[in-house]
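Next come two complexes, and both contain subunit A; in the first it sits with subunit B, in the second with subunit C.
Right, the complex of A and B next:
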């Protein structure tokens, strides 16, 4: 029983991480249709931000966390400025910014691999090792409640939703499309960076940590459904429980648990391609 | 007839070059030819059919590993091992492509990313069958009709592989199927309205190019006479995509130029900047998409039109 409770808490914490990554995808996909595979690398950048500020410079945790968040917002905004806006303004096909962002993915990863040694870099726990899972769950809850309130209760949130439903109509209503796009990328980078910072004490910051997170986050998004903020969290939790139960109870090498996202992705694409929650 | 002569001339020229090169340069030349082959088939999938997939290099690996495992772990005859390897590639390709092609969007990209990641895990955890992290080594190309092909003659085999792949893709590109692929890339709705089965076209293009990558992998397996997980990692999948983008997506010449350039650049750059050439590639790709989406071939066209 003790064992099962521990598994539940740790799966819930991983589920929150996947949920944050899924949220990062969702924030960018909804208004722009652009799927940005660089979210995993953003999480990695966030983790290295944590290493630099919290481990190396020993800043107090809240200050370091806020600094990482602000830095990630700037990174997201800059990425949009460099790799997305020029293409959107030119009227390039949707594939072009996606490819440019793939290029940025490699730029981010290689920039980190050039700047830091290839071995894992430790990042401190927020409130000690036992409470990290609860800290992750708490921070994720705050983020999701905030984003949910933003979309449901504010005019700015409604304008995001309007752009998601019909770009041209939204533009005719006087919504500034490029501002919405810039904000969605900044917020996406913020969510992904936060996920990286939160997961890094357990896995250490490493320049190859991005791709698995990008796969798990997207799987969570497909499970939950691209249309709803809550879906991202639900999908993340489901994926994490499926993974952890496989590792714990299935008689296969632990590495094969990396096959769980692929399997779930295929199953959901076949059986329920709209995800569990439908868009309203 | 004249086109047949042209193919024959190209084969003689490319294969003849191998007999003039030293052992080391022959090795580099072989890998260059293999990269060009892969870039050509990837270009059909990405450039002509407009699908992003990260599994092309994994299928190269599946081909290489399967032929080695079938030959030397299960001791099957050579032709059977090749056929089973191709069948395996087709099976995996269908399993990934059929669910992904049901929806619009970039699900194939994600599914193939997960597949490529999983492939490396399976290789590392595979125990005696895959040889684990060390891979499989110490095997030799079986004798065929009493002779064993080696040295520059094996380079000639790779030249045949390259030209065979190019010929298949060339004919496909100019057929009904190639036009359907371009229509699916440019506008799926219009393609569907014209009677093209969009999902089937996507699945067929993906399966076909993945099988071609698998065949190239089988040839690769006897280049170094060793297969191990790091060779087939995700980095190379990205490199392949970058080759096609930088060279010019959708054009056979673009794939050839891009593959040759990005394969040879590290030989020039690494004395200057070590292993950081991938960073240069990333910047190059972003610049290419922003400034010249048609790649180097497009640049050449633009210069020729307005000298």
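Right, the complex of A and C next:
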């Protein structure tokens, strides 16, 4: 029983990280249709922001966290301006910005790789090693509730939904598509950067940390579905519980358990490509 | 008289460096997974080359390093070896991952160009290809586990746990650990893998806790994943001793695993009390402004052995360098006190099987040597 309780907390925390990355994907996919695989690198940038502000300059945690969040919003907005908007304005096909963002993935990783020593960099815990999982769960809950309220209860959120449902009709209704796209990228970077900051006390800030997070987040997105905000969190939690319960309890050799996420991804793509939760 | 001597020395130096430099190729990893190890190793080589040049060079000629980055990718490493040979490199030092070094051998064997890795630890590098132009001076994986097991043997272990990551090298080391433990008659009560990119190692450590081992052996080489293991170990309040591969010998753990590693023993090829190490640390620190660690020592020893072989060969003829290299007997920075790199007849792996040490973390600091060699 002790094992199960420990595992529940651990899997919930991991699931929250996956859920935040899935949310980053979702915030951009819904209004634009663009899959941005650079979200993992954004998480890495957030982790390095935590290293700089919290470890190196020893800022108070809330201030450092807020600064990283603001920085990530700016990074997301800039990414959209540099890599996405010029292509969209020239009428490029949807694949063009996706490829451009893959290029940005390399730019982010190499920029960090040449700017910092190659070793992992320590990031401090918000509330100590024993309470980090609870902190991750609490922050993620606040983010998801906030995003859910934004989409469900505000006019601006409804405008995002309108763009997601029909871009041209939304434009005809006077919704500023460019602004919605820019904000979706800014919010996506904010969610991804937050995930990186939250996970970094456990895994350290490292220039190769982005790709695994991007894959885990994408798997969570496929499981939960791109239609609803809560789907991202549900997908993340299901993925993390499946991973950790398999490692702990499944009677299979060590190492095979790492195939579980891939298996889940394939199953959902084959049997329920829309994910668990469909758009309302 | 003093002025005359100064002019003579200046003329001698000028004539030394007026000649064509001796080109040594270096294939390293600047952006890939081996970067944390390759970069300091390369820095050690660069420092060593500068020292050699400062002391007058080799055969009256300056050493020039031609450095290439293969990102630890075997698919481009062979092409880089070819490029370096075309640019006139008479020797190639390989400092990225083992598979990339292996791939370079296909070129150096065909082009009959001497090649050496001062840091790779894969056991098969000198046995898979009959390449008389290749040498390895990094300590073999099998030596590491044998040294660690020799230390553990004294503790009368009956049941142990083995944990690693899913990287190629981590799996390779886990295989060596498993074979060594089985050979020593020690039961592996639990064996776990923490995959690259994991966000926790708690489920794996729960299984190990349930197996109640006498000790745990760590074969993983991925720093972040190893830190997850230490965190779970501390969170669960576990008490069994941890014995680790050489991966714990890199100093990054002192900062990223702060407060988590006290008492962990690890195998190393670096004895901080060795006179050669003290001299190297002092000179490197003075020249660069930062203190070196063991990976720098591998690169430094590598270029020193190459320079020594060219000096003994008396020319840059590759065949003569090959013959001189095989006769190497060199006491460097790495290895236990008194260790010499040698290539016994027919062998091209030169790290003395009794040259490794076991050290222990004291607090967050890499501490004293607690065991030497395999006895």
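Keep this in mind: the second predicted complex is superposed on the first by the 271 of 280 C-alpha atoms of A that agree within 3 Å, B and C clash if a C-alpha of one lies under 4 Å from a C-alpha of the other, contacts with A are read in each partner's own complex, and residues count from 1 in each chain.
Rule of thumb we're sticking to: a residue touches a chain if its C-beta (ideal position, glycine included) is under 8 Å from a C-beta of that chain, and two chains touch if they have at least 3 such contacts.
Every value quoted in this text rests on a predicted model; they were computed, and no experiment measured them.
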First, second, both or neither for A:218, with subunit B first and subunit C second: first
Which of subunit B and subunit C A:175 touches, first, second, both or neither: neither
Which superposed partner A:110 touches (first subunit B, second subunit C, both, neither): both
Touching partner for A:270 - first (subunit B), second (subunit C), both, neither: first
Contacts of A:121 with subunit B and subunit C, given as first, second, both or neither: second
A:7 touches, of subunit B and subunit C: first, second, both or neither? second
Partner chain(s) touched by A:26 [first = subunit B, second = subunit C, both, neither]: neither
Partner chain in contact with A:203 - subunit B first, subunit C second, else both or neither: second
First, second, both or neither for A:258, with subunit B first and subunit C second: both
Intersection of the subunit A residues that touch subunit B with those that touch subunit C: 110, 211-212, 215, 255, 258
Residues of subunit A touching subunit B in the complex: 35, 37, 82-83, 86-87, 92, 95-96, 98-100, 102-107, 110-111, 114, 211-212, 214-215, 218-219, 222, 253, 255-256, 258-259, 261-262, 265-266, 269-270, 273
Residue ranges of subunit B in contact with subunit A within the complex: 50, 52, 95-96, 99-100, 102-103, 105-107, 109-111, 113-115, 117-118, 121-122, 124-125, 234, 238, 241-242, 245, 276, 278-279, 281-283, 285-286, 289-290, 293
Residue numbers on subunit C that touch subunit A, as the complex places them: 31, 33, 35-36, 39, 166, 191-193, 195-200, 202-204, 206-207, 210, 223-225, 227-228, 231, 234-236, 250, 252, 255-256, 258
Subunit A residues within the subunit C interface of the complex: 3, 6-7, 10, 13-14, 17, 110, 113, 118-122, 129-130, 199, 202-204, 206, 208-209, 211-213, 215-216, 240, 244-245, 247-248, 254-255, 257-258
